[in-house]
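First the structure, in the form of structure tokens, and then the observations on it.
Each chain carries a letter (A, B, C and D) given by its place in the written order, and its residues are counted from 1.
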Amino acid sequence: MIETPIHLLLLLLLPPLLLGVINKTKALAAGRIGAPWLQPYYDLIKLMRKGLVVSTTTTWVFFAGPAITLSTVILAGLLIPLGPFNAPIAFTGDLILFAYLFGLARFFTTAAALDTGSAFEGMGAAREVTFACLSEPALFFALLVLAKKSGSLTLTNMLHGPVAVFPSPAAAPLVLVAIGLFIVLLAETCRIPVDDPNTHLELTMIHEVMVLDHSGPLLGVIQYASALKLFVLSAVLLHLLAPFRTGSAWLDWPLFVGEILALAIVIGILESIMARLQMKRVPYLLTGALLLCGSGFILLVR
Amino acid sequence: MAWVLICFPIIMAALAAAIPSNRWRPWLLPVTALVHTALTFWVLSRPDLAVSSAWLVLDPPGKIILLVVSTLFLFCSFYCVGYLNYRQERSNRIFVACLLTFLGIMSLVTWAHHLGLMWVAIEATTLSTAPLIYFNHSKRSIEATWKYLLVGSVGIALALLGTFFLAYASLPAGLTPTLTLGELLHNAPLLSKPWLRASFVLLLVGYGTKMGLAPMHTWKPDAYGEAPGVVGAIFAGGVTSCAFLAFLRIYHICAAAGEGPYISRLLLFMGLLSMAVAGLFMVGQRDFKRMLAYSSVEHMGILMVGLGLGGPALFGTMLHLVTNGVTKGVLFLSAGNIHRAYASKNTEQVSGAMRRLPLSGALFLAGFLAITGSPPFGPFISEFAILNGAFDNGRFWVAGLFLLFLLVVFMGMGKTVLKVVQGRAPLEVHDTPYHDGWLTAAPPVAFMVLVLLLGLYIPAPLRALLNDAVQFLGSRP
Amino acid sequence: MEMLNALLVIVLVLNLFALGTSRILSVIHIVATQGALLGVIPLLLHEHLSLPVILAAAAAILLKGIVIPSIMIRSLRAAQIKREVEPLIGLLPSVILGALATAFVLLFSKQLPLAAHPVNTLIVPASISTVLVGFILLTTRFKALSQVLGYLVLENGIFIFGMLLVQAIPLVVEMGMFLDLFVGVFVISIITNHINQAFSSMDTRMLVSLKEE
Amino acid sequence: MLSLQLVLSAIVLLGFSGLPGCLLSPQSALGQRLATALMLIGSLLGICGLALSFDMPAPSLHIPWFLPWGQFAVTLDPLSAVFLGLVFVVPGLGSIYGLGYWKQSEHADNGRQLALFYGVLAGSMGLVVIARDGILFLIAWEIMAMAAYFVATAEEDNPEVRRAGWVYLIATHVGTLFLFAMFSLWYHATGSFALELTRALPDKTAGTIFVLALIGFGFKAGLMPLHVWLPGAHANAPSHVSAVMSGVMLKLGIYGILRVTALFPANPVWWGGVLLTVGSITGVAGIAFAIGQYDLKRMLAYSSIENIGIIAIGLGLTLLGRALGRWDWILLGLGGSLLHVWNHGLFKSLLFFNAGAIIHDTHTRDLDHLGGLAKKMPRTAVFFLVGAVAICALPPLNGFVSEWLLYLGLFHTLNFNTEPGIAAAATAAVALAMIGALAVACFVKLFGAVFLGTPRTSSTEHAHDPEAAMLVPVILLALGCTCIGVFPMLAMPMLENAVRTWALPLNAPGSLANVLPWHWITWLGFALVVLAAGIFGIIKVLPRIKRVPKKITWDCGYAQPTARMQYTGSSFGQTIVQLFSFMLHPQTYRPAMRSLFPKPTPAKTFVPDLVLDRWVLPLFNFAGRTLPGVRVLQQGQTYLYLLYILIITIILPFFWGVGIPS
């Protein structure tokens, strides 16, 4: 029963580290020393202690956005099994809730963006909701495949089922789905090639441009939430990519942390070898993901 | 008894011709109508009065028509008084006299069991109604009357030839030729088929002209368009019903002769053709009285379809005679009021009737919904019964076309009606003198009540009468 | 019988004359003659003369031969119009048409299942072809009066057929029919007068204000 | 029995609620108050009736009547009860709302008529739901359709309203004709009009009846491509009328399909397949078109189409389940659809009421003229937001619960191993996901364009929160949405009974109340609220947040952002419209730069309805142009008329014995 506290601890504390790892990897790949691993933590703490400036046009929605986003991501995190351990909350159909929590987050993030009445943030919001129309179906195709494979409608059992890419025979669908999910992950967490978290060319951004007006603690909350999102989605993906088990809890926790950091490194490498796609190309990429997951499903049920 | 029903109105007509006062003469109409209706109901309640002689028998179909005609005339007669009050500038001597004569002759049609006599009566209706169309004495009304007379007379002449053929049909079989319905029915199977069929075609065309089946309907829009609204009502409810009854006789004989399949093809063809033509001419129709004329054509078509389907549809057909009659009363009378209030019957000028004449406008709209077969009005029951008939003897194509044409008619008619009823009334119409009065508004309301009643509750006696009629048409003495 | 057939042939010839004549007055005369001749038919058809037969004959001669034509002539006088009929198709073509129709009917009548009694093959075809000629007159003439004449010819044709069934059609009905015919023509000629007053012409081509525009 | 009597009296009260007002003067507010009072009394009686009927054997009443066929047969079974619930809630609230929104004193020339037909509409809808005889059903159905026409065209002096009404009239009449055919065929097949469970009919007949019903009722429900009348009618009707039409009347189309399918003991697989496909298409296309609109109420109308699509998906799953004998699919599919029927009834009326409040003050429905209303009408903003979140099926509100059921049902089709084709049904879940994402886009656009940012025109100057009469119904509806969202298990027994009524012959263990972990929904709902509130609070109480300096929006350093620089609703939807342009065919008018110094010219883009504006109207215009060509046949020449007679006389004998069955 020690699992739940550990789960909570990892969920709440680990995510910024992923960002740190990614940035460090990119820096090294670019031949720089880069910011320390723990830089994201420092940023968050600083932001939390900073003051706040809000626009005269905004209303309470502007505050509600970050708050609701963070809470939904935390709840989503509680539904996900980390490594071989069960999730704190698991019930039939929680996978739907998992997906729709992100929908709720999207609703309020975009609403908060529109609340400022700025053209740029409206633009970002429009892009966010548009790309979701493609990534969401892809996610559901993936869920269908996993559900079919595992025969369960509970995320924990589903992800602990025979869904890993290589040990299981006839893994072709799973490979497709894994790739698709990975693209969805990149899109949802606004990484390259979909979005560039640390550019400052507003016209080309999706997520960052939505939060232009959020400052201080609000910005902190938002960045923390996106780190959590990255963590949660990576944890899901890991069940497909790295189903390694040792059997003893003492080894499995560190193993899981190692895996997820490794995934972060992969993302970092990817970001440093790839360029961001043109905005009008992004839909093609996401459609690709949709098709991958879809064909995975077809392969499975044919 | 028959003689009273037939002669009393004609005597009153003579009286009307004699009365000098233009203002009081119209009141003869309601008086006569009341007596006539009372007598009618008495006759209907007393089966023993139904046979007056070999030639004058009131059989169930006749009873239905008599009932319709008498009621229709009763309500219309009150309307006439109101209408003629607005038309004091013109002498109504001929108008009233002709109306009364016409009532008598219609009663004769319902009683006649001798096809020759029947023909005489039908022709007489043509002649006695011509002056009614001519009431306005305008160029247009002359033209309408001329066309009505010429087309009508030619049609009726063909009907006469058909009647002769029918009589002749018994000669080849060595029977003595006769025209009394009873005998014809009795030896129907012996009649020579070719002559029978030929006579059927001629009578279909002849009496069809009077009913206004396409393509013999051409006189109808002109006549209905130019005649006063009340005359339209009496035409669409009365004259057509009488012609239909006349045609019902030959139908009965042919059915008894076992010609069923042959005539049903003809009837379905004529019926669907009429519905289609009516629908086509209603699309984009700007003159709402002509539109009503085409609606009448359509409903004659529906009657034909019902007859052609036979079986379960016969009940619907008989019922449709009644419902169509009363609904046409609503439509023509309210249309007449609107026409008078706007001094135009063209939808270019007429709009916003609901505001200008709340009552008549509402009645016109309700009448439209009723006549197009929307529940809960009477025509829905009858048309639905006919549809059921189509499905019941597996004629799905007929059913499909039937529904399609109903839709076309609904669209064509609805466009015009809504143009008339909705929107804002043009300002200049507010200074026309006409406003809904008791005498001109109550009759259509009464009709509307009947229509609604028939849609929700068919009185037991009427139902019995309809069933008798269906029985009768299936039988042969 | 030969007599009767000869009579019927004359009737048919008169049809063609009616089609071919240009002056309305003479057409009226032709139709009158035809009517009068028809009145004779029943007398020839039924050897033992019964009352209805005689009455029918008398009524026919009186009405078709005298009364109606005089009405027509009066209204023709009343209407100061050009006395020529104005056919839709030329006179000669309409004659040819009528002739063809008559011929066709005569041939066709062989197929008709005619009754054994009365043994006469000409009555039925004669009546039908007269009806057709009536239709041709009705559909190819423009003057109101000449259309009325067409209607009369049509009626004549029907009357010929009626001759076969005198005993079938009781006297009252017979009289009723005559009455109707009479009143009909009477009313029509009244209307033609009104037309003539209102439109100062009898050309029915003027009567096209009521139409679907 | 008492329950049925209560419901019947309620229906009568609703039906005639508008009558007293007609006897009073056009301006008197008394009539309207009377009507509302009668409506409310009726609704309360009805709800009591429903409560009494719960878990009782369904009471029914048969009175023979004097029509050639049929009888006055009504039954109050759980399936009817579900829909009756809506009938007794929404119109009543609507009439309260009307007291403020459509004041008799301000609408003297149509107020009474509106009240009259509003009542008739409500009453007839009640009758439709309990009728168990074909004829009675048709009568009630048509009264409902006509009453809806009259309330929707209350402002018939406005040509646009007339046009929309005309389209509605045609559409509903076509639907009715299909129902005529359907019931005739039913009568032909079963020998009676009684709507009761029959022995199995021959497949062909049953299939035809199903298709006829699907089309006939589809017109009313607004299944694509039969939805043509829906956007216009909803946009141009008074808002409380739109609420009733969208919230309740559309659902009766669904009810019709349910009732007819319930008449058959079993059905082939393809019925379910058809409904699944139609539902998915309707849902995706509906919401995509909604995003393309710039008219507030048209967007809501199209989103109604989308929700009907979602419900249809559930029905498809249900029929599939019955065809393959899978009780769990029926349970989840039908339970989900019925719950969604309820939910949509609640949040769509909520949204329409709020929209009405906005239109009432700003006199415009154009999104691009609104904006920044959250400051002027804060309460309206909150309740609108509740509706928007609910309709996007987001937790913790009611929309999520019904879609959750549907998703689970669709996922259940996966573990059906005998026929692989069936698992394809699960792809409907993907369609549902896409619908969900699009819905978020749609309602963010709507909420953002109307309430957030700064006002785009002066039309919002006089906007303010509405009076109590318009606010109370909104509050109640919002409460309803939240309750169902947080305590869904309360609704389950009712749904359960309805489902079992529908699937009468096969009856299996496993009930909605205990197959699903409802307590988690409740707890997580609370957790979400508490967590969000907590974070909100923490941010607020952080030391440096005590006094927040207010500055203009940091528009990337641009010093003078004006209202016209904002992203408009249209531009917000643009990206998605482009993504779906293969289906939406957006039309754009760009200003043409001709001269050197061009005059200011407007640029605008809009999305016409695919079916109505691209197919139906052109077809009808063509017919309207060509059909009158037959008039050359009737130009007044008498001799031609006579010729027609001759011709027909010659033609008719040619039917002589041709193919006569002897």
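Convention: a residue touches a chain if its C-beta (ideal position, glycine included) is under 8 Å from a C-beta of that chain, and two chains touch if they have at least 3 such contacts.
Remember, it's a predicted structure, so these values are computed and weren't measured experimentally.
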item	value
Of B-D and C-D, pair with higher C-beta contact tally	B-D
Rounded Å distance, chain A centre to chain B centre (Cα mean)	78
Cα-centroid distance, chain C relative to chain D, in whole angstrom	69
Length of the line joining the C-alpha centres of chain B and chain D, rounded to whole Å	43
Chain centre separation in whole Å, for chain C relative to chain A (CA means)	100
Numbers and ranges of chain A residues touching at least 2 other chains	none
Contacts with two or more other chains, residues of chain C listed in rising order	138, 147, 204, 207, 209-210, 212-213
Chain D: positions in contact with at least two other chains	628, 631, 634, 636, 638, 642
All chain pairs that touch each other	A-D, B-C, B-D, C-D
Residues on chain B engaged by chain C in the complex (per definition of touch)	114, 116-117, 119-120, 123-124, 126-127, 130, 134, 139-140, 142-147, 149-150, 153-154, 157, 160-161, 164-165, 167-168, 171-172, 174, 176-179, 192, 194-195, 221-222, 225-226, 281, 286, 290
Contact set on chain B toward chain D in their complex	143, 146-147, 150-151, 154-155, 158, 197-198, 201-202, 204-205, 209, 215-216, 218-219, 221-222, 261-262, 265-266, 269, 277, 280-281, 283-284, 315-316, 319, 352, 354-355, 369, 372, 374-376, 380-381, 384-385, 387-388, 390-392, 399-400, 403, 406-407, 410-411, 414-415, 418, 422-424, 455-460, 463
Interface residues, chain C side, partner chain D - complex	88, 135, 138-142, 147, 204-205, 207-213
Touch list for chain A against partner chain D, complex	48-59, 61, 63-64, 66-68, 70-72, 74-75, 89, 91-94, 96-97, 99-101, 103-104, 106-107, 110-111, 114-123, 125-127, 129-130, 132-133, 136-137, 139-141, 144, 147-148, 151, 153, 202, 212-213, 216-218, 221, 283, 294, 297, 301-302
Chain C contact footprint on chain D (complex, rising order)	628, 631, 634-640, 642-643, 646
